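Next up: the structures, one after another.
What follows is a pair of complexes built around subunit A, which joins subunit B in one and subunit C in the other.
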Partner chain A sequence: MLSNQYPEVPLEDKQRLFDQVKHDQRFDDYLYGCYECGICVAACPSARFYDFSPRKIAQTLAREDIEMFYEQMNDDIWNCSQCFSCLRCPRQNNPGGLITIMREVAVNNGLRSTKEALAGYTRIIYKIMTTGTQVSPDMLQEDAFPDWGPQVKEVAQHLDLWRRALPPETLHTTGLSWQVEERTMLELYTIWKLTGVLNMISELDEGLHDIMEEVMDDALEDQGFSVV
Partner chain B sequence: MAVDRLLVIGAGPAGIEAARGAADLGTEVLLVEATGELGGTPYHHYATLTPHLKETHEAMYPMLEGIKAHPGIDVRYNARVTKSQGQAGDFQVTLVGENGQETQESVGAIVVATGFQHFDPGRETQLYGYYEFEDVITLVDAEHMMKTGKIVRPSNGEPPERVAFIQCVGSRDRQIGNRWCSKVCCGVASKQSIEVKRLLPNAKVFIFYIDMRMYGFWEDQLYWKAQEEHKVNYVRGIVTEILKKGDKLLMKGEDTTMGRPVEVLMDLVILSVGMEPSRGTVEMAQVFGMPFEDHGFLATVGEPLDTVSTPVPGVFVAGAAAGPKDIEDSVSMGGSAAVKAVGLLNRLKRSSA
Partner chain C sequence: MNPMEIPMVGRGTQPETTRTFIQDPDNAPDEDMREAVQALAREGEWIVQPVPEPYYAARTKYGRVKKIPFEKTWHHKSCGQCGHIPGYSTSIFWLNRFLGYDYFDPRDQTSCTAWNYYASATSNQVAQAAVAMRNFSAAYETGYFPIIHCGTSFGHYKEVRHELVHNHDLRRKVREVITKLGRPFVMPEELVHYSEWMYAIRDQLKSRVVYDLSDITATVHPACHYYKLQSGDAIYDPEIYGGQRTAAVTSVVQELGARVADYSTWYDCCGFGFRHILVQRDFTRSFATMRKIEVMKEEANPDVVLTHDTGCVTALDKSQFATQAHGRKVGVPVLSESQFAALAVGAHPYRVAQLHWHSTDYRPLLSKIGIDAEKAWTEFQEDLAQIEQGSMEYLSWESVL
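Right, the complex of A and B next:
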């Protein structure tokens, strides 16, 4: 009732997203009622650096304030670091968990603001979902991380050698954090397809989704699996 | 020779418990009530009692019947105390009945339980328009409506879609001259918000407040219950003004925790009016020469350890005549006043024997 940041979006659309959040099976365990006491904000690391308030998230959902909720879906939920310091709530609310649900609904519905917020993460999503690891040694480049000091150049030049010096054979990698078993990758692909995690990406970035689906389907098919 | 007889003035929860307590201890009791009915303000005005939402007449029935049937209690209805002479152990009081006839009564001690009256919203310094807009009502008006089993907009008889309570009307306000918290209105408003939601599950209900004060078990019995089970919206911020817009009410205020001004339309606004000393309480101060405390209620001595002794020997106070009280506190004070008064009469009896 107090926000009109998105007047062009029909109320029914906002209500539909709100209902998806409210009817999530975790919702009732994550939100009782809000005193508006602010202990969650006091505990929140993000609140120190951004114009972000877990209190307002809990408060808005408790009040069923649809307009404000829609504003938060677009402008606030990606400022949370999901550290769950806010769990110290005296009413046993879980503002961080509420944000988890809101993020899932935002991704599932492909909100424009969510696409923008996550645009910089395309490469990370691709890497983690197709290889099972995120940060890899070959990301260690002098121009990428100047604050890491002059030795980075030396390390980067002989990266393969440094990695082979490590005792576990699975760490003799440069493009991956470690060697992931093929069987593990097939299990991950199966989980991502069956749980709908892969489908979440389709609303967000259709091209990325199609590329990843092809990678996964090919790998599964090569081993004689079919996951529909 | 001390008169072994106690006068209790006012038959609300405090006076009833004082009368019952003293009579059970063996002292003869004269119970004087200004109206034609026992039970006081809650019985006359409240559809249900806080915090358990029990129907008032049903809940108070055993209490009232116990008084009517008690052989040690003489009840005088439609009577007021107008004069008093004498001192502890030997008061001569004058009662004036319905037709103006006076009677003289001898009593040894007195319990004043003349209670409170609701704040008149015509005196508020904000602009809520209680006497201008039909759909602006008080907690008391809402109780009267709930007694008939419904809650509607007085202007058109339709059920409201949006209902707002405004807290602290006539309380906690230096401008008005009432610096106190009336103690029960947060709980009563929360109780009523639950009742509104039970009657009208699709209604949006808001409570605009300065601080929610629901001490003890009212916390989860009323506050959490209204907020969690019935999705009542508690908004911290007090409304400055109510205007008419079409057939709706436009409320202006601030949502302080969200840091935004609020202008919203409501169908029904309920003012949480607080407590002031009743006319009877002010009259009894004059009749017995009792001083007021700082806020205009009857003063007691020895607070916080003695809640019922007034500076006038032989005169005790119980209930909201001494300041804002809920029913539990009023009844407890009634019992305490009975013990103190009977104790005094017994001491006087022994010393004169």
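Right, the complex of A and C next:
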């Protein structure tokens, strides 16, 4: 399969990204070859909606087709729903898992297509990384979810009161999904810093990285947490 | 393998196959991860937190026994659930109290962060495993055993366990992080999803059902991350779908006396998509309605869709509004089986099941069950008035049991 979608990108750059994917410790566990049977495609929700195929992902990686790989890194991987229905593969491949690895490499290398795919999503990254919970009740706003109908407005209008009408004590929150202890958050910040995740964000969005670093460093310093 | 009657016949719709999957743990094609976890504990690699007794012995896909604790559970909450459909978790807690079980609802808990990982990949293997192990260690220190509310957290943690078992280097790196936090390095003996606990308590619930549910038809959406990720470790029962699909949710709903109807796209995902539900919902809306809700309606005409994951409830419920506006055949309420079970044994639809957080009209379902939605709403409004006036700070557990 030949691709000439990105002739302006030097082959060495494409090869470098491919090598990063291939050297991920999970790679060998996720790809054993491919029968081209298409069972993964039949199970794949994204294949029904987009011009997208987990079979092509597995094939491309197995054949080490660098040009096609680079095209998929830019045009395909963000279409995947990460449902892992493709784990039905009779060859024991994990196309969804291969895509997870490809996405990680795409983020680490700050690909433009990745920045575009994640535009609008960065506020969520901020939420999860700084609070330990991914979505909060106060995100339920009409302008963010117009397609969810008038009920979202209803929730937003009564949010504080409705949250207080929840019997579990940990759920009396509006800015977090549940109450998270301060120490717990500091431990989470420590994890992001020690494992290089915070640095990863700078490839994606430098401004976001700087804000989060400041929030985390201030909090860690205030509480005398040292991250070395 | 001899053909046999599928036990769903008469109560549900007969699946297309009549074969039963014969469970044979001695010939399971995959490795028993729990054994590997114990072996590593013997080598001093980590502490294994045992499942507290008494426990229920359930069967997984290939017939291995999985221990499901009844109580002393540490509730690993789910962000989507607690944030947007809090009746899901409230019902789980309420059922624990209803059955008199001791449980712990921690504040020393973060999300598994896998929603973000599957949406944006802005993390890595070591970080994801460290987040999991930090939570496990927090549970261990309380003496309560982790039970995981979210299908994605459950699936992701099973993946993390698999990776930690097989990758010494990863184990070392994660242990270093956890040690730096001053925490013990602990792996639970079992990874347990709340719907497995629901399966374990189904008999106890059956004897307490207060409504005749025989006229209620439900369709079940099995959550992808519950049984597709690390597929061997999910609950299967030869009496449910001939052991060919997970018994989670379906077994409980049938036990409560409702009818579970089959539909052809049961294996399809809900369309959540992780990234898509937040920033590309045209995909989610189309898939959730055209491949799931419309097919269910066409083939089974259910009164309710029941599932066991936060994301699935959200995607299947919220997607219906816009689709309805296009005049398509949707309009089925979506609940977790914990909410449905709570209602069946007499829980309040607003104080406990918190149905006002759901979008698709659930009132026809309530009235078919025999619950007076209007009266219940008036009662709930009175609670809200008391909170507003300051005579009650919060709605307390005492007032809902």
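One rule holds in what follows: the second predicted complex is superposed on the first by the 211 of 228 C-alpha atoms of A that agree within 3 Å, B and C clash if a C-alpha of one lies under 4 Å from a C-alpha of the other, contacts with A are read in each partner's own complex, and residues count from 1 in each chain.
What we mean here is this: a residue touches a chain if its C-beta (ideal position, glycine included) is under 8 Å from a C-beta of that chain, and two chains touch if they have at least 3 such contacts.
This is a predicted model, so every value here is computed, not measured.
Asker: Overlaying on subunit A: subunit B and subunit C, fit or clash?
Answerer: They fit: once the shared chain is superposed, the two partners occupy separate space.
Asker: I'd like to know which partner A:Leu166 touches here: subunit B for first, subunit C for second, both or neither.
Answerer: second
Asker: Who touches more of subunit A, subunit B or subunit C?
Answerer: Between subunit B and subunit C, C touches the greater number of residues in subunit A.
Asker: On the A-aligned overlay, A:Val197 touches which partner chain: subunit B = first, subunit C = second, or both, or neither?
Answerer: A:Val197 sits against subunit C, while subunit B stays out of touch.
Asker: Rounded to the nearest 10 degrees, how wide is the angle at the Cα centre of subunit A between the Cα centres of subunit B and subunit C?
Answerer: Between subunit B and subunit C, as viewed from subunit A: 90 degrees.
Asker: Rounded to whole Å, what minimum CA distance do you find between subunit B and subunit C in the overlaid structures?
Answerer: It comes out at 18 Å between the closest C-alpha atoms.
Asker: Does any part of subunit A touch subunit B in one structure and subunit C in the other, and if so which residues?
Answerer: Shared contact residues on subunit A: none.
Asker: Using the touch definition from the top, list the residues of subunit A that touch subunit C in their complex.
Answerer: 25-26, 29, 43, 45-46, 48-50, 78, 81-85, 87-88, 100, 103-104, 106-107, 117-121, 124-125, 128-129, 132-137, 139-140, 145, 147-149, 151-152, 154-155, 158, 161-172, 176-181, 183-185, 187-188, 190-192, 194-197, 200-201, 204
Asker: Over in the complex, which subunit C residues touch subunit A? Could you list them?
Answerer: Interface residues on subunit C, with respect to subunit A: 77-84, 86, 89-90, 93-94, 105-111, 113, 115-127, 130-131, 134, 138, 155, 163, 166-167, 169-170, 177, 180-181, 183, 224-225, 228-229, 231, 267-269, 271-276, 278-279, 281, 283, 285-287, 291, 318, 321-322, 351-352, 354, 356-359, 380, 383-384, 387-388, 393-397, 399-400.
Asker: For a test of understanding, state which residues of subunit A touch subunit B in their complex under the given definition.
Answerer: 1-2, 32-34, 36, 55-56, 59, 62-64, 68, 91
Asker: Note which residues of subunit B are touching subunit A in the complex, please.
Answerer: 224, 227-228, 231, 233-236, 255, 257-258, 260, 262, 264
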